[in-house]
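Following this line, the structures themselves.
What follows is chain A paired twice: with chain B in the first complex and chain C in the second.
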Partner chain A sequence: MTSPVPLQVEVPPPAAVSAAGAPVTTEAIRADAPLREATLAYLLAIGDDEMLLGHRDAEWTGLGPILEEDIAFSSMAQDEMGHALVWYTLAGTLGAPEADALAFLRDTTGWRSARLVELPRGDYAFSLVRQVLFDLAEAVRLHGLARSTWVPMAHAATKLSQEEKYHLLHGRAYLERLGRASEDSRARLQAALDEAFGYALGLWEPPPDEARLVAAGITPPSADLAGAWLAAAVPFLQACELAPPVTGGPDLWLPTVEAVVGGRTGDHGDDLALLLASMQGMYRSDPEATW
Partner chain B sequence: MYGDPSEPDPAVRARTVEMAQYSRAWHFDPYHQRLGFARDLAPAEVAADTEWSSWEVFQQARRGEHHVHVGTVHAPDAELALVLAKESFARRGECVNLWAVPARAIAATAYEDADVFVHTTDKSYREPSGFQGLRKSVHHSRDEEAEGAGGEP
Partner chain C sequence: MVTTRPAPITREAVLAALEDVKDPEIPVVSVVDLGIVQSVEVAGADVTVSITPTFTGCPALAVMRAEIAACVRALGAATVRVPVVLDPPWSSDRIAPEARARMARIGLAPPPPSRRFAADASLGLVVAAPEPVACAFCGSTDTTLENPFGPTICRSLHYCNGCQQPFEQFKAL
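Up next is the complex of A and B:
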């Protein structure tokens, strides 16, 4: 198949990563209370994104469109939960509760995930489009975090980015085919994109006190990451014959829809409560149980 | 329903012929089935939106080793076959390379003909262990290695 869609989706590095700063040690972060709080908020934000998306994707297990895709998507769901565990464990080194407690004992207001990942799985087009938008965002974010001045975070980001390569191969393979297969398949993807895009922009809602992290070189600014994400996502989606809601051009894409924000401060929709009831019910029925 | 048997409707006749071949060829062993059914009756191009074709997957654990057949995936084309094979077969264990081969490209012998593989008379002289000189030299070189590595003179 000759395709205008590149084999590997290009993910540009964020515009300005201030990786020039001196390395920041875990002890230094623990000793600086405001910096510790900001770092924990950031780790919870990105960990919660992965955990909830992994749960939503796992809802397709046994229901996928064909057996092979069911296996592939379920496996990617496990990957996302594995990423959540990495970020939760890193948060643990700064004094956060253990990963099980973070995942299964927090109520809605404690979650710092973007609104995108709490949305119901929808039809397969929606789950695919959400996954691709998220994977592009994750690839961009990991690209930036790989140069964090906090070495454990840089190492984790480098390690996790290996899995994003397959996720993007998978998503590109489907979107480029379904975007051009038939009017029905294209329309379903476009409807999913229209629904998800504003929520996906919400992935870039900065966690509280992000400026402190940026100043220390621990994370790049979310605004820079958002620009890099648009630069990666828009040409890719357009090559798949989809129309992301943006204006501008290759130099600067500007969304024409509002980002759906609030998740980073614990302001969620009704879907999260239902998701948590499903995800946490078993664990909460006996938190002391050994699995 | 089938009309006059002496003058069957061409469409019914075509379907009847197909079903006859199908039932003759059908077997739960996919290799056997492919010989009689898929190879002869499958259209050259399967419509991707209704029926995906079968791709046999071969996995290589380490560079330089043989690719080993690990199973089959359904996919509309080679690339998606590889994408799906990765999670179906390579999510556990070692893998550095996958092949996906259209199942219809594979020719197979029939199990009915398996008697051609039976060794009726003693053919042990063909087995590696049948070569006395080889066995001796293998043992000899092993002894040399052991001496070189062992440190005991």
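Up next is the complex of A and C:
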């Protein structure tokens, strides 16, 4: 059997990355209450995405369909939780509670994660497709944040973006193989894509008062990031024999499904409460315990 | 009675002592060899050792922080701080040549030179097919990447078609 030439995954930087302005210091953000609130909301949004996807990935530990995938999802869980810790620690420099409190002591309405990451792990096809959609989004977002005018955020984004390469290598290897393997495997991936795509668009729901961050050059506009994500994700999925729900062409892809939003303002589905019960139960049984 | 004053702590003494703090996941490589020590600052009996993670999710980081602090306290430091910093980001290119050789001897292929994706954010991220890795056992480059994830988050899994052995590689970052 000859294997086809492996796909390249190309993640273009969002248009706004060249628009960085004068540096903004941590002290300046702390001193400007509305800017501080907006920055905290953004950090919680991206940190919460990582934390919950890390938890969902960890649900494959011991249960992966093959040993390599058990290991891969367990490793990606570690990576995502490591990324959450970086964003929560940065939030701490603006006065947020410490990372453990953010992860284990907040109720559903306090979470700012997108709805995508709270969904149950589903079957393997769903977890794989969700992971790839998320990883492409994270790569795009980190490219944008690496040019943040808030230097600690730029440093963190630069660091984390190095690690994304391995997530995308993994996603490419399996999506390409399974997308082209048989009608059964392709159909399962397509069903997962149909289910996940609207939720993945919800990753780009702007956190409250994002315009204030964009004006200060702290973050690029979510709408720009969404465009760069579609430009990366659509051709890649199509090369894997999948049909993302979009219209248009390479110059501008337009989704044909609605984004599932609400997560950035604390409006979540029922799945989050169940997830938090599982993830936080042990910690909450004795928050003062020493591990 | 003669009291002996301990010798003043120097940056060089701290670095020499840290050679004894190993990566718990790769016990032939010290934290200095690994290149995670960003800076050592000594102000009298107060010592600050700034370190940076290899992979940010590395669970060994907390262990290494604690062992670095204990190691420096044993030199007589009154206060020891071990902050974690992210700039400049760690690269596998920082791993010392001798440490690479020791990795290879335990069957862990050292990382190839890293190709940096994020050094300039204006460049898009292109994930191409990885280049073949030399087998940690026989040196053959007729190898395949089995999985970019392995037993720890810094290792990938490979298979050597030359000697028909699976082996691990420390990932390039």
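We take it that the second predicted complex is superposed on the first by the 279 of 291 C-alpha atoms of A that agree within 3 Å, B and C clash if a C-alpha of one lies under 4 Å from a C-alpha of the other, contacts with A are read in each partner's own complex, and residues count from 1 in each chain.
The definition used in the following text is that a contact is a pair of C-beta atoms (placed from the backbone, for glycine too) under 8 Å apart; a residue touches a chain by one contact, two chains touch by 3 or more.
Since the structure is predicted, the reported quantities are computational estimates derived from the model, not experimental observations.
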Superposition on chain A - do chain B and chain C clash or fit: clash
Touching partner for A:Arg147 - first (chain B), second (chain C), both, neither: second
Partner chain(s) touched by A:Glu164 [first = chain B, second = chain C, both, neither]: second
Most chain A residues touched (candidates chain B, chain C): C
Which of chain B and chain C A:Gly82 touches, first, second, both or neither: second
Touching partner for A:Ala72 - first (chain B), second (chain C), both, neither: both
First (chain B), second (chain C), both or neither touched by A:Ala139: second
Partner chain(s) touched by A:Ser182 [first = chain B, second = chain C, both, neither]: first
Shared chain A contacts, counted only where both chain B and chain C touch the same residue: 68, 71-72, 75-76, 166, 169-170, 173
Contact set on chain A toward chain B in their complex: 1, 66-69, 71-72, 75-76, 166, 169-170, 173-174, 177, 181-182
In the complex, chain C residues that touch chain A: 53, 55-59, 86-87, 89-90, 116-119, 121-130, 145-151, 153, 156-157, 171, 173
Residue ranges of chain B in contact with chain A within the complex: 48-49, 52, 73-77, 79-80, 83-88, 91
Sites on chain A touched by chain C in the complex: 5-6, 8-13, 17-18, 68, 71-72, 74-76, 78-83, 85-86, 139, 142-144, 146-147, 152, 155-166, 168-170, 172-173
